[in-house]
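Same chain, two partners: chain A is paired with chain B first, then with chain C.
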Partner chain A sequence: MTRKNAMTRKKKKARSPDTSLATVVTLRLYVAGRAPNSVMAIANLQAICQQYLKGAYKLEIVDVCEQPRRALADGVLVTPSLAKVSPAPSSNIIGNLSDTGIVLAALGLNSAAAS
Partner chain B sequence: MNPESLLTSRRRSGLETEAEFTRWVRQVVKGAAELQAFEAGQIDAVMDAGTNRAVLSPLARTALQGSNRFVRALLDALPVEACVLDAAGTVVTTNRAWRTFVDAGAGAGLGVREGANFLAACSDAIGIERAHATAVARGFRKVLAGVRQEYSRQYVCSGRIGYWTCTLTIAPIISDGVIHGLITRENVRAIRDAGAPRGVRPTNAGASAAMSRARTRNRLLATLPDKEYERLLSFLEPVKLRYGQVLYEPGERIEYVYFPIDCPVSLLSVVDGDQSLEVGLVGAEGMIGTPLALGGTTSSVRALVQGNGTAVRMHAEHFQKRLKRSPALRRALLKFIGELMMQVGQNAACNRFHVMEKRLARWLLMMRERLASSSFYLTHGFLADMLGARRESVTVSAHKLKRQKLISYNRGNITILDRRGLEAACCSCFQQIKIVAPESG
Partner chain C sequence: MPARKSAAPPLTLSKAATGIAGFDLLSGGGLPQNRTSLVIGGPGTGKTVFALQTIVHAAREYDQPGIFVAFEESTDHLFTNAAPFGWRLSTMARHSLFFLDARLSPTVVRSGDFELSGMLAILEAKKQQIGARWIVFDGIDVMLALLHNSAAEMREIYRLRDWLAHSELTAIVTTKTDGDTSAVVNYGFMQFMVDCVIRLDRRLEEGIPVRRLEITKYRGSNFAPGEFPLSFGPHGMEVAAPQSSDVQHEASARRVSSGFAGLDGMLGGGLFRGSCTLITGAPGTSKTTLAGQFAESACVRGERTLFVSFDEGGERIVRNLTSVGIHLQAHVKSGLLRMYSGRTDEINPEEHLIRIESLLREHQPRCMVIDPLSAIAKIGALRSARAIGNRLIYTARALHLTTYITALVDGADPRAEATELQISTIADTWIHLSYVIHGGERNRALTIIKSRGTQHSNQVRELRLSAAGPKLTEVYSSGGEVLMGTLRWEKEAEERTRKLRQQAEFQHKRRDLQFAEADIAARMSALQLDLDRRRAELALYASDDQAQHVSSGEWQTQLRRLRGADTAATPASAHGKRRVARRKARPATNGDQAPR
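Now for the complex of A and B:
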């Protein structure tokens, strides 16, 4: 293998973590207006996303008081409730998201938390 | 997760207390994760598939009610007057400043109390307030329909405390899927401070800022003594006139006389039912409906509005009564009628002896004087009707003026580029009429 080929391969390796970071995580958080647990869930989730996903996420907040039919159609029974829509596998977390470890595990970000 | 499988009850009543709510949730929620979060006190609401609504926990409900109290306190702390209306226009809540304004104004200026209907107050408005209130109601509906993001208007109102102007702003609030409108009222100031003319009493019903402006801008009204104008005020009402609107047709009974402010009105002689020729042009120097001042009741000409603008009008009956009692009004009107007759005579001679190009130049200059603007919208066909000519000859003449760089025109938008040049290009008739109707300023 020539020196040039080796350098090319090295560059490709260096790029691979960037590609994984660029994967956008789509999240949907169901809340009940400005009720206390809902407010906490929004704040906790935004802090986690900013720290571990660094902008590579899309968060949609659905107020079940405003859109109850949508919540029922999405199979949401209690709020606050967080749904990871993509990438697969999808997952759900119930509650005010105060346990960061559980949230990261559900989002598949355990390795990010460890590092 | 299928919500139907997790729901065993559709009952929503009797969930007021914490214990009742807990019992109900344990019945309907079967998922382990959901129950665990509920036992940890981390649940705000549970969906009820029976009613398609979210049932708030008593704790969350109390907290939201607390936040409503907070919102109310926040509204009260605002220095501007504010009120919240539901989609039907009923006043849901008001702030302290609004309540103070309502108490002081005794319902005037759309100052409505909680529980009353704002839109009903708009349609009940009278006098000068009426036009403003109608526009505000229209603005409110547009904001709630999502046609407009916000609506703002300079509003003039009257009340026990005098005449006032303020800025009314309407913004939408969307909460719980329901839309409300937030109305704020600010920059409130007395009109008298804004320079209403001497002699206009703020307590006189029907007087208003618009009327004050009308007086200064309609020169016929401006010549009247203060006392005489004050007597007329309660009979005058401002109206918006549209380009192309016909105020009277020949032979029609005159219902209102009009004092134009910023929209000239053409008097057209109609021959054989379809051919018309302009015989006079009246702007802010005069009045439309002169036959009434000479004892007649019908119009002999068609009165056609030449631009969007405003005028003040008076009912024919009131006008005739005032005319009998007011020598000053009679004098002002006779002077104007004399001037109008001179213009009509000059027009007749001009139409017979002068070439199309010169007549067109004269007409454009007359319009400029009366509109106080060098740009206006006129199609060649319309001009042909005014000048009693064929459309083609108007096009040729307009093209000649355009080639001399005196005017520019594009799709009916005419701009006078060189007034002095146009005056030199027009016939002597303009100078004759100009003496009669000096340039507005």
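Now for the complex of A and C:
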């Protein structure tokens, strides 16, 4: 819970200085409590966001254990699972996001990675 | 293994019925309740149907909601596949069943390791919401394969097991194999974590696809070992389980006519109601004729009858039987007689079985003919044919049908049948038809090999066909050989002349005797006359003698009187004589004096 709040705070903070970037990437990460892969996914995602999105992102973390109905409605089955909500095209990545190259490719951030 | 919260686990394992005909029998009641069962099998063996049918049954019959997690097929696909069985899953999905489409979208990218805990959290919530008692994980292998390493797979299997153990749901997990069980990832481990393992199999047996089901493990319970034929009927999956039937079914003491007075007589009054009669014979020994006659007599009694033919069309059979005086046409028209014909090479035997069983439900017959059952073995899948034969007989017995089953055997030896379909052991009555070739002729012979619970004739009879219907005739045995056909006719003619001759001889003899009798009688009367004559003569003689005596006495007295005085000449003698005479003749003297 605190983690989520911190995250929300962070993304709000991050948005203001970086309005120059054309698009804000909205991400949603589904985790299962303190399961090892979920913890790893959070850490990996935060690192990626900081490095490649430079604050131009919105991240919501949903704990499936606490909000199972929402996860069901969103079609989430395995955890951790990352959804790119916007901009289009949307994409889904499962796993602890340990392979940064795959994550960037799936998020359409290859160019960011190259620069 | 399951960490059950209840303090005292029940001594006997409780079981949850699957509603799959046959399976509940094999497993002694169904799947282990609140435990996990594993269903393994190759693609298209019916794993999904098994699981679906079970939860549909539970929801319908016991009002137990269930969750179906589909890793392999879309929910729509499932609904479509289940439609032929009449389950109407889409309707049930609104009330008692919850379907989770757990396929990962093909666009999903995988980066690093993941777990199933999120899904289990979702399922836990759903379980609470609908009060589920059952859960199915269909095609768990698809999900596990995404984990890319066996250590992770094992970890997730553990996770699943723990969750199931705490959930107290009755679970079915299905997973694919490619024939070889060792090919299943972590198969041994999965098998260990569950309480019951069911193996489904589909293979070609001499070109015919056959399906099988086998329970390979059932912790804490007995189960029927071995493989059992499996088929898909109009209401879902069916397993041909051997029913412990013989003792259950009351044996009837009531007799039913075989439609054949001669045969009824040989059987001591007819067939037992609800019994199964097997007729074996070489081609053309009129097995079908006997069966047709049985069917006709059943219809005449007003009993619904099902005639199953495996080698000819119904119309053809009706027509052919008309030529031997058996008229089925009217009964077919009236609806009393139902013909089912299916050539065995068109569809597989299991399919036939299912169609016949549904016909039995629909037509509700009291009598059934299967002609010939051996045709289902003809195509080669002997094992399944055997199982189907047994199944048919047990079904008929359970429904208390009086059944005629014909089977073709090659050669004269009826024992050939025993090695083929092995029905003879189950049948109550076994009639064998054969040809006897003798004197350049082929004639049909009928023998009753066995007939349970009844006195039956041990004699071989000749079966004769005519437009008036078949007839059984006594056969002559001559020098240890059975005589039939013209040989019998010859023998009969011979017998007739012999009889005539015998009769003539007898009459001749009788006349002789009559003559002798008359002769003796005549002689006897002649003798009698002679005797009478002689007797009369004798009587005459006797009376003369007496008269002589009397007259001689009188004569002397007369003489003495006439002589007068000369009585002293013989005083002693005269004295004595006088005394005697006086004593003897005194009354007579007195008497005599009167007429004198």
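Everything below uses one rule, namely that the second predicted complex is superposed on the first by the 94 of 115 C-alpha atoms of A that agree within 3 Å, B and C clash if a C-alpha of one lies under 4 Å from a C-alpha of the other, contacts with A are read in each partner's own complex, and residues count from 1 in each chain.
Methods note: contacts are C-beta pairs under 8 Å (C-beta built on N, C-alpha and C of every residue); 3 or more make two chains touch, one makes a residue touch a chain.
Please read these numbers as outputs of a predicted model, since none were measured by experiment.
Upon superposition of the two complexes on chain A, a steric clash is found between chain B and chain C.
Of the two partner chains, chain B and chain C are each touched by A:80.
In the overlay built on the shared chain, the residue A:53 is in contact with neither chain B nor chain C.
In the overlay built on the shared chain, the residue A:91 is in contact with chain C alone; chain B does not reach it.
Looking at the shared chain after the overlay, A:64 reaches both chain B and chain C. By the touch criterion stated above, A:27 is placed in contact with neither chain B nor chain C. In the superposition on chain A, A:106 contacts chain C only, with no contact to chain B.
Stretch 134-142 is the one of chain C that runs into chain B, the other listed stretches 8-16, 26-34 or 134-142 having no clashing C-alpha atoms. Looking at chain A, you'll find residues 31-33, 35, 37-38, 64-65, 68-69, 71-72, 76-80, 92-96, 98 touch chain B in one structure and chain C in the other. By the touch rule above, chain A contacts chain C in their complex via residues 30-33, 35, 37-38, 40-41, 44, 64-65, 68-69, 71-72, 76-81, 91-99, 102-103, 105-106. Those residues of chain B that touch chain A in the complex are listed here as 1-3, 6-7, 29, 31, 33-34, 36-38, 40-47, 49, 52-54, 56-57, 59-60, 63-64, 67, 174-177. Of all the residues in chain A, the ones that touch chain B in their complex are 31-38, 63-69, 71-72, 75-80, 92-96, 98.
Considering their complex, residues 100, 102, 104-105, 107-119, 121-122, 124-126, 143, 146 of chain C touch chain A.
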